[in-house]
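Naming follows writing order (A, B and C), and every chain is counted from residue 1.
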Amino acid sequence: MYEFIKNIDRRWIFLLMFLSVSIPILLQLQFPEKATDLAYSTFDIIESLEPGSNVLLSFDFDPASEGELGPMATTFSYHCAAKGLKMYYMALWPVGPQMIDDRIDMVIHSDFPDMVYGEDYVNLGFKSGNEGVIKVIVTDFRELYTTDAYGTAFDDIPMCQDIYSVQDMDLVINVSAGYAGTKEWVQYAVTPFPDKIKMVAGCTGVQAPLLYPYIPDQLPGLLGAIKGAAEYEMLVGERYGLQDQPKYLEGIRRMGPQLVAHLLMIFLIIVGNVIFFMDKKKEGQS
Amino acid sequence: MKRTVPLLITALGGFVLIIAYFIPRTQGWGEIAAIWFDVLASIAFVLGGGNLIKIHLKKVSDHKSGWGYSGITLAAFIITLSIGLGKIGVNPNIQFPTHEWSGSYREIGTPFWWLYEYVFKPLTATMFAMLAFYVASAAFRAFRAKNIEAILLLGTAFIILLGRTFAGVALTAWLPEWLSGLKLENLTVIIMKVFNTAGNRAIMIGIALGIASTSLKVLLGVDRSYLGQSKE
Amino acid sequence: MKSSILRLAIALLVVVGCGFAQADGPAPPTDLTASDHPWDGGSNIDLSWTLSSDDPGIVAFYKIYRSLSEAEVLKLNSDNRFKAINHAKHEATAAVFADAEMKGLSKSEPEVLAQVRIARQSAVEAAINQVNAEIEAQDSEQYKFLTVIQPGTDSFTIEKLVRNNSYLVKIVAVGGNNVESEPAVLSEAVIPTRQEFDGSRFSLMLITLIICGSVVFYIRLARSGINLKVRKIAGLEAVDEAVGRATEMGRSILFVPGIQDMNEIQTIAGLTILSRVAKTAAEYDAKVEVPTSRSLVMTTARETVQAAFLAAGRPDAFNQDLIYYVTDEQFGYVAYLSGMMVREKPAACFYMGAFFAESLILAETGNAIGAIQIAGTAMPAQLPFFVAACDYTLIGEEFFAASAYLSGEPEQMGSLKGQDVGKSIVAIIMIIGVTMLSIAALVGTDAGFGMALENAVRFIKEIILT
């Protein structure tokens, strides 16, 4: 047994991980969530906006990270729509527009059919240039965005006529999986205009530790990975009665497999250390 | 000459842009330089595409190991490129119904959308999901309590792994209110906010200075090894 | 009875009197002056005024307006015309359709559509005439509301203006019951102009000069023959060992320069290490394979490797087909690399550049095939993965120091020393800031010394370091 574990083929570990994720999914294992301060502050900032306020939603992620970021993007969209905020969607990643289309379809078309494109929400689409795009639109939207994602002239879209720059937004919501993303938004939009641009964000687990230095001055709200999404879903769900709508509980659902996977990791680390100390002991004896 | 000209362009471009940052009259120059770079990089796509075809055609014709994969790569490249560029199966835009190519290639139901939805999306999601397996195997192999630092790292890992799930809440729910700071979910926040932030800031400052120094070396032509050799 | 009537009459007089006083509104602010904001790009105007004589008093706030520029007026008029036309068309169509419905006619009847066309035409003409008349009747100066200012404030900077346009400004005091004073209007238009230097960036320029100056100073010092030392970096010491091992095993070396383009400094730093790896490989006659995820990186890497082979005296051994483009797509690139590593089993893998989620996938695959792995990146999020799965990792600034370390050239060493000066400056500012804030917290920030310290820290943070 000792020899087997010591020289274990990593495919056994892969199998364990597969089981620890798939069994909770099949059994629909769910656990209650307790919101942390950052989730509360993200929720409160959006909740405190007046209906009709302008919100820029920059979805800077791709299908690869959709599993981690999709649920919070959906809930952000729902929260903004339920509050009656004007939503300006954009993306710094080439496949971001597809992420936006999915949210519009899933949230607005299905639950808010009375919302009118161009008056209540608009999809400005993708622009290449990463942080270069942010640097330009913080002072002038029209320099880069002459049309929306479907080719309608920017000035012909009613809700865009009074928008000159990101500074005209009451809030920026960024969902990001890496570069260009939250860090660039903080550095090139919030930092130069601290009094005019306010931002909350959602990011992947690996990114979250890097964004803590910006909390709370430059980034008052942050949702880190599925855990952050689940906490936020819980708060939005409680406020708007979404407890029976599975599509707004994806984050909470995904926390089940995550818990078991984390326990497996702890188990593996302990086993690895037991082997390590047994080896040391044997070396000492010999 | 082959190295002097690029070095001159680098130095001139770099220093002009640094100075331009402080002079309002020239503040748009940075954006122009970024646009030039985008144009160059876009043209280089053709170079990259040509190279891709050449390398994989050669592999297929030489029957090198894994030539079948090269065949798949070539087929995927050509199919996606032609469907995307030719806007195959795209319905015309309502505003311009007589122009066949006026529709959006991303429109739901088009062949390009199908490729994206049913090929690209699952493939990239699969690659990303593999991280879970690799993290487990790396943790098993690398996390060893070899010394004090490693033990501290292990302890932190346990707290974060538990604190980021309901397990952390359940395990320390019995702690009284005056000891709530020791609850795993709160300890996680403290570790992330204090220790992690302090460490990350130190690394970030070091990296920022490293970037400044390296950029300056490149601009001054002190470091020209990226152009091939250390001295002319 | 008489006295109560008298009291009522007095009370009425007081109420009415107050009402009149309130209806007049507060006294207006006076001496409104405006000037171009100094040291900027020409988008700001500084305003100052003398407070209303009712401030402090009944003034609740001030409202600031600015005149619209010619372009803004044209745009506003065009928007109004556009909206009026759309509205008129809509109303005319709705009226014809309602009429048709009453007569039991279908909306698609040619007769109804013809009526729609006629009704729309006349409605549009009427709408245009009305809007044009309104435009004609407009004041010569149109004002746009900007913001509300708290009482007691006597200056303000208007931002986001168009350079070289002339602007008029007016300011009104508003009383508690929303009654406005007479406006104080600027007697002469003010023009925001652009200066040659952005004053708000002065401190940043100073810091840039100090840090860059110290790098240049130490480079010169090193050139003059001063001996500079750098600590041992295990990851860089192992470069030759890794190449040697690949040669012994008769297997190839894989070099991955990250997934960013040539505008990323980490990619450049990675290519400087490639130069050394390629030179050593050329000397040992080992094969270096460089798959790239950007076309420009491919062309630059080819130049780098070719020159390295030339420097090693082996130009004939250079094979440009070993440096090739794969795909810009992150996970497509990783899939290719993983497959290639499993099939070809390179003996040494170098990951030098900017990496994201792919770092662990690459490093674990490399580990599985038993390759010696050296990584270097300045992406803090990926460092733990490389540290866990690779044999050596260059952390952040070590990665940028590689070029100097490997070449050993004195001027490159000098740049490292200059970098240390930057670090010292950061450390000193941090110590000063932390000490000042700690003392302020101890003595209290409500007044006196503590408040002064807190203000000083705010000045450092918001003025000097912004």
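Here is the rule we use: a residue touches a chain if its C-beta (ideal position, glycine included) is under 8 Å from a C-beta of that chain, and two chains touch if they have at least 3 such contacts.
Bear in mind the structure is a predicted one, so any value in this text is a computation, not a measurement.
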- Report the topology of the inter-chain touch graph, choosing from line, ring, star, complete and other. complete
- Top of the farthest list for subunit A, CA-centroid basis, is C
- Pair sharing more residue contacts (C-beta pairs) when A-C is set against A-B: A-B
- Task: Please work out the Cα centroid separation of subunit A and subunit C, and write it as a whole number of Å.
- Result: 20
- Mean-CA-position distance for subunit B and subunit A (Å): 17
- Note on the structure: Where subunit A touches two or more other chains simultaneously, the residues are 10, 64-65, 209-210
- Where subunit B touches two or more other chains simultaneously, the residues are 124, 127-128, 135, 137, 139, 141, 143, 200, 204
- Task: Can you tell me which residues of subunit C touch two or more of the remaining chains?
- Result: 330-331, 357, 380
- Item | Interfacial residue positions of subunit A with respect to subunit C in the complex | 10, 64-65, 139, 161, 164-165, 167, 177-179, 191, 204, 206-207, 209-210
- Item | Of all residues in subunit A, those that touch subunit B in their complex | 8, 10, 13-14, 16-18, 21, 31-34, 36-37, 62-67, 95, 97-98, 101, 128-129, 132, 135-136, 150-151, 208-210, 212-213, 215, 227, 255, 258-259, 261-266, 268-269, 271-273, 276-277
- subunit A partner contacts - residues on subunit B that touch it in the complex: 30-31, 34, 38, 93, 104, 106, 108, 116, 120-122, 124-125, 127-129, 132-133, 135-137, 139-141, 143-146, 154, 157-158, 161-162, 164-167, 169, 185, 189, 192-193, 196-197, 200-201, 204
- Query: For subunit B, which residues count as touching subunit C in their complex?
  - Reply: 18, 21-25, 27, 37, 40-41, 44-45, 47-49, 51-52, 55, 58, 65-66, 69, 73, 123-124, 127-128, 130-131, 134-135, 137-139, 141-143, 200, 203-207, 209-218, 220, 222-223, 225-230
- Given the complex with subunit A, which residues does subunit C contribute to the contact? 79, 160, 260, 330-331, 354, 356-357, 368, 380-382, 466
